[in-house]
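Next come two complexes, and both contain chain A; in the first it sits with chain B, in the second with chain C.
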Partner chain A sequence: MISLRKGRTSIQGSSLTRWIFVAPAMLVVICLLIYPLLSTALYSFTNKTMIRKSFSFVGFENYIRILTDPDFWTSFGHSLVWTIFSVIGQVIIGFIGALCLNRIKSPAARSIFRIAAIIPWAFPSIATAMTWKWLFNGIYGFVPEMLQKFGLTDGLIQFFSDPSLVLPALIFINIWFGAPLILVNVYAALQTIPQDQYEAAQIDGASSLQSFRHITLPHIRTVVGLLVVLRTVWVFNNFDLIYMITGGGPAGASSTMPIYIYDTGWTGRLVGRASAASILLLLFLVILCVLYFKVISKWEKEDVK
Partner chain B sequence: MKRLSLMALVLILSLTAVFAGGQKEPSAADGELSGEITFWHSFTQGKRMEAIQDAANEFMAMHPGVKINIETMAWGDFNTKWNAGLTTGDLPDMSTAQNTGEVAEMLNVEVLRPADGVIDAIGRERFAENALADMTQDGNVYGIPYYSHAQVMWYREDLLANAGLDVPQTWDEFRDAAIALTKDGIYGAAVSFSPNDLLGTRYLNYYVRSAGESLLNDDLTANLTSDAAIEGIKFWVDIYKNCSPAETINYTVNDHATLYYQGITAFDFNSGFMIDGVRANRPDILDTVSCAPLPKINESDPYYSAEATQIPIVIWENSKHPEICEAFIEYLFQEDNYVDFLSAVPVGMLPAISGISDLEAYKSNPTVQQFAEEEKIIAEAVAAGRAIGFEHGPSAQAGLLANQGVIEEMFQDIIMNNTPVEEAAAAAEAELNEIFETMVM
Partner chain C sequence: MSLKKRFTPGTCFSYVYLTIIAVVAVFPLLWLLVSAFKSSGEMLANPTTILPKEWTLENFKTVLFTLKFTVNIKNSLIVALVTTVIATFISSLAAYGIIRFFPRLGNIMTKILITTYMFPSIMLVIPYAVVMNSLHLTNTRGGLVLVYMSFSVPYAVWMLVGFFKTVPIGIEEAARIDGANRFQVFTRVVIPLVRPGIVSTAIYVFINAWNEFLYALLLVSSSAKTTLSVAVKTLEGADILNWGSMMAASAIVVLPSIIFFILIQNKIAGGLTDGAVK
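Right, the complex of A and B next:
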């Protein structure tokens, strides 16, 4: 009887200890994830504004207003273009850069190039935004002036005030900014590929392309896949770069979903409506991530086989 | 026994005094101030920031029990910051406000404390009557005008002289001159419409006010579709297309003003802050900059001032130490401190109280002496003008009119998407009215 009680006390004690260890992590998750998520979901069904203390439930009215707002669909379309082209550009440039870096034999030169390549990523986004804003400035910017001097353009090209150029210009800047992350990670993955596999392939008469396709790619595709997932979410949610360079303008030509949500919630102060847009954005990204992870887990299973 | 009773009584009284003292707010117990306050301001430029910090340091040295935490933020971020603070509770004890329009917005959400005590201490009669009236609600004044400025037309004397042009008196003359000066890397005038700033509203307001109208109707609904408003929209679109750099369509106030500072634009509309900006960027052209009253529609039209700005200091309702805020504000207005602050941007910041501009310390400033004529023109515009939309008295609608970016989006829509002016104006007017209905309590 006594031993049983002791055992139960011991079990209860160890259970408590487990909770004590887990509690800080749970607290962080509740404070930083569960609470903001639930409060956003709750506000999305209300007419809450930033300056009124009281609010009431309005059902799906915010969602209806958002989904029937042409600006929402324009911003959503811009977000897709911005994300797809930015991620593809970053992966291609980063991938090529990593392959080039991997071919450098001298450790010292490799180290120098690796540091040089990561510099754009090390810049604070405010510095990146201001630098490119100056370089692409349509009045005295270096790039428009050079293009004009070389006779490539008739006048000063207007990267940030021409609606057809503003989004491509921003995507270019984002590729410049994000490619180093891909480069460094892919380069790290390339380092893990056993060299004897390449040597064996060479002995068997495999071409460089065949070695790349059958050795390099299978080894690094999981890393690239994960990077694509991460970059997709980050780029889709990116706010600072666009906001600091164009603010979503002119006339909404570079407005993406985060800018749309910011304008609705902060400038317009319509917290309820901005929350509804945030929930829609979240749902879209969750669905996208589920699809991505399905592909990655398929690759992983193939690798195990 | 008597002795014991006496000792017990003394002990009880002592304890009562101790506990009573413990429950009381630690301030002004015997006239000495004590406590901690937070002061938000948007004077981010070096000299102004230093002047405020120096005054705070001196005030804290005079009152060892006082701590003043100063937080500075960019002018454009200020509105967002306090709006967010309404939800998070992160609000200051005292702050500046961008203008009287913002004070009206703050009053709309009932976050301010009356400032009549400190105004009386400084001298109510020293403030301009209309400046106080713009921040008055139910007989109480909620903001203390700290400095003033007004919108005037800035031009380059050398460029006008070289082109054989006179200073424009009317909008038509201004357009002709601006077009004539747009050559050889110089632009006649920049017109900027970033929705993150108020320049589109400001420019349209100039034109509408010159026609004797307002951007708000008598019932405080938006007016963007009157004949004068439509003409004004067309006028600025025309100026943008004919003499402004295309890039400025998305410029905010700072980017916009920098073009004039750098000698890229021949005309601009702004306050006396232009002088300091030109001095910092192009001291070689400082002697050639000057200002004139805003153009009129017809030369014979009466004088008008479209926009005068009072930069107020406000005390927040949530402050636990309003007495420290009041004492510190009074200290900021002491002659030495006040002249020090104003001299950070001479002619840019004009005194909000009488008796300062006559002081030798104020008048002896070289910039004040050099730009005495310009100061006179700006001071006249301050005296005759009010904040955008305040023609019908202070209202939250006036504040919202300028800070929602709706008018700027309308201009961008007309220019970028070729939307007909009347259609875009009607849509923007409807959007503003919906915002007023949602936001104004």
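Right, the complex of A and C next:
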């Protein structure tokens, strides 16, 4: 790659043309991402609502109101459960799937499994929500009927109206959606490992567990780490699935932070308070990502060594 | 290879595990499709029979003509296509610019992209609603396209950087010596080389715009401008929820997405993590 310090090669020209290439994308980032972030931060210190145009500064009042609101803490707890179990489930099931796919020699079987795995990933959120709602339907749903038929349950299970089942059911759906994504991406990373390393290890008498620990794992752990970060952020911020399936119900039993923000800002029309809650959500994610990336960059340094 | 070596316990386990995964992965799609072709009487009478006794197009007719989903399909198509064209154009320029002219900016750009990926859409939608209201863009497809740039462009740049990295600089220098200016080099030399990558990126942008729900729900309220995802959700509000029409409507949303996804599957695998400028 060319370096700016070494002077211009013939391909680099006046600085203006160079900027024309990147300017539109920068404008998008500034207007549609940085500006909204700053204005949310500003609103979070005001009493702005959706209805009135005028507003005044109220200091930390929104933050205090939120942090003393028990509903906020319930939603935060649900968000943690929803994210931790979804991501762990997705990673374990997807990771094992990738290792299995990598063992299969027949190219036809490989591509069939790969395409099958891609299908949930390609499901639009609305289709995921409505299909599972129908599958789990409490009167005519396929899954509750089957469970009853095989005598596993007395009567039909009400997955989405039972407060103790609603989060596990949503997490199951989220794992269905996300595990294939991990599978396909980890499989792609596994393919980049040079085969001769395994052959050399085999000649040296390494067991397959040892090969896995000393060849496979170091090669793919940064990719897996990055996938975990991206998935965690995505799942934590996910609004669509829960909103479409339960809307946070029954009685708030599946309300996560994005649902809480929606209820405050759109149903309650309190823009200032919803903004403060969004900033708290973002802060939490930033802290989490900084920690994740510390671990990943440590791995990267070890890999170079 | 001998048969003995082929069927080790590990391989057997792999087949069993992947078969279970594949069945669970595909079953909802199958169920969605067969439900869409069942009559409502049959759906409710036999909840666990898989194939319909009688295949009917009734649900699709209801959705398309009685419920006027043709309007929503048109809205979704317009928004998704315009988003795709603009976002792919902007992002191709940017990805090339980063690779060729601002390799240092590339490192910062990767960090910016990961940071913006963290922004919750539920947070961004508040200022979008406020600004769009004052610009009279709420309830317009143009406003929606504008907002869709916020997630399309960063992601497309991220994907395209990976593809543009593969273009050797020697070819470009040769074209420059032959008298081509910078934009000619870009359009006549570089673009043709990365066309497959650009096509996959464009398809990915299209799928995401086609599937988008939150912004379309909160920024467009007039039913004439509603996109498909939101229209499907509003079916639930009907007095009598007809699951047959719901499944037919869902089938209309899901099929383009799945077909396109399978087309670009090779490009997308790894694409999530390849784009990083190292």
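In the analysis below, the second predicted complex is superposed on the first by the 283 of 305 C-alpha atoms of A that agree within 3 Å, B and C clash if a C-alpha of one lies under 4 Å from a C-alpha of the other, contacts with A are read in each partner's own complex, and residues count from 1 in each chain.
Here, a contact is a pair of C-beta atoms (placed from the backbone, for glycine too) under 8 Å apart; a residue touches a chain by one contact, two chains touch by 3 or more.
All figures in this text were calculated on a predicted structure; none of them were measured in a lab.
Colleague: Following the overlay on chain A, give me a clash-or-fit verdict for chain B and chain C.
Modeller: Aligned through their shared chain, the two binders clash on chain A.
Colleague: Would you mind checking which one, chain B or chain C, touches more residues on chain A?
Modeller: C
Colleague: Using the touch definition from the top, say if A:219 reaches chain B (first), chain C (second), both or neither.
Modeller: Neither: A:219 stays clear of chain B and chain C.
Colleague: Between chain B (first) and chain C (second), which does A:22 come into contact with in this model arrangement: first, second, both, or neither?
Modeller: A:22 contacts chain C only, not chain B.
Colleague: Would you sort A:250 into first (chain B), second (chain C), both or neither based on which partner it touches?
Modeller: Touch status of A:250: first partner only.
Colleague: Using the superposition on chain A described above, determine whether A:158 touches chain B (first), chain C (second), both, or neither.
Modeller: first
Colleague: Taking the superposition as given, does A:269 touch the first partner, chain B, the second, chain C, both, or neither?
Modeller: The first partner, chain B, only.
Colleague: Looking at A:137 after the superposition, I want to know if it touches chain B, chain C, both of them or none. Which is it: first, second, both, neither?
Modeller: both
Colleague: Please indicate which partner A:239 is in contact with in the superposed arrangement: first for chain B, second for chain C, both, or neither.
Modeller: The second partner, chain C, only.
Colleague: Who does A:278 touch here: chain B (first), chain C (second), both, or neither?
Modeller: second
Colleague: Once chain A of both complexes is superposed, is A:52 in touch with chain B (first), chain C (second), both, or neither?
Modeller: first
Colleague: Which residues would you name on chain A as touching chain B in one complex and chain C in the other?
Modeller: The answer is residues 50, 137, 140, 266, 271 of chain A.
Colleague: Which part of chain C faces chain A closely enough to touch in the complex?
Modeller: 1, 6, 10-11, 13-15, 17-18, 21-22, 24-26, 28-29, 31-32, 35, 43-44, 47-48, 90-91, 93-94, 96-105, 112, 114-124, 126-130, 146-147, 149-150, 153-154, 157, 169, 172-173, 176-177, 182-183, 185-186, 207, 210-211, 213-214, 218, 228-229, 232-233, 243, 246-247, 249-251, 253-254, 257-258, 260-262, 265, 268-270, 272-273, 276
Colleague: Could you pull out which chain B residues touch chain A in their complex?
Modeller: 80, 83-84, 86-87, 105, 108-109, 187, 193-196, 245-250, 252, 259, 264, 403-405, 409, 412-413, 415-417, 435, 438-439, 441
Colleague: What residues on chain A touch chain C, complex-wise?
Modeller: 1-4, 9-13, 17-18, 20-22, 24-26, 28-29, 32-33, 35-37, 39-40, 43, 50, 93, 96-97, 99-101, 103-105, 109, 112-128, 130-132, 134-135, 137, 140-142, 145-146, 149, 176, 179-180, 183-185, 187-189, 223, 226-227, 229-230, 233, 237, 239-240, 243-244, 258, 261-262, 265-266, 271, 274-275, 278-279, 281-282, 285-286, 289
Colleague: Mind pulling up the chain A residues that touch chain B in the complex?
Modeller: Contact set of chain A toward chain B: 49-53, 137-140, 158, 160-163, 246-253, 263, 266-271.
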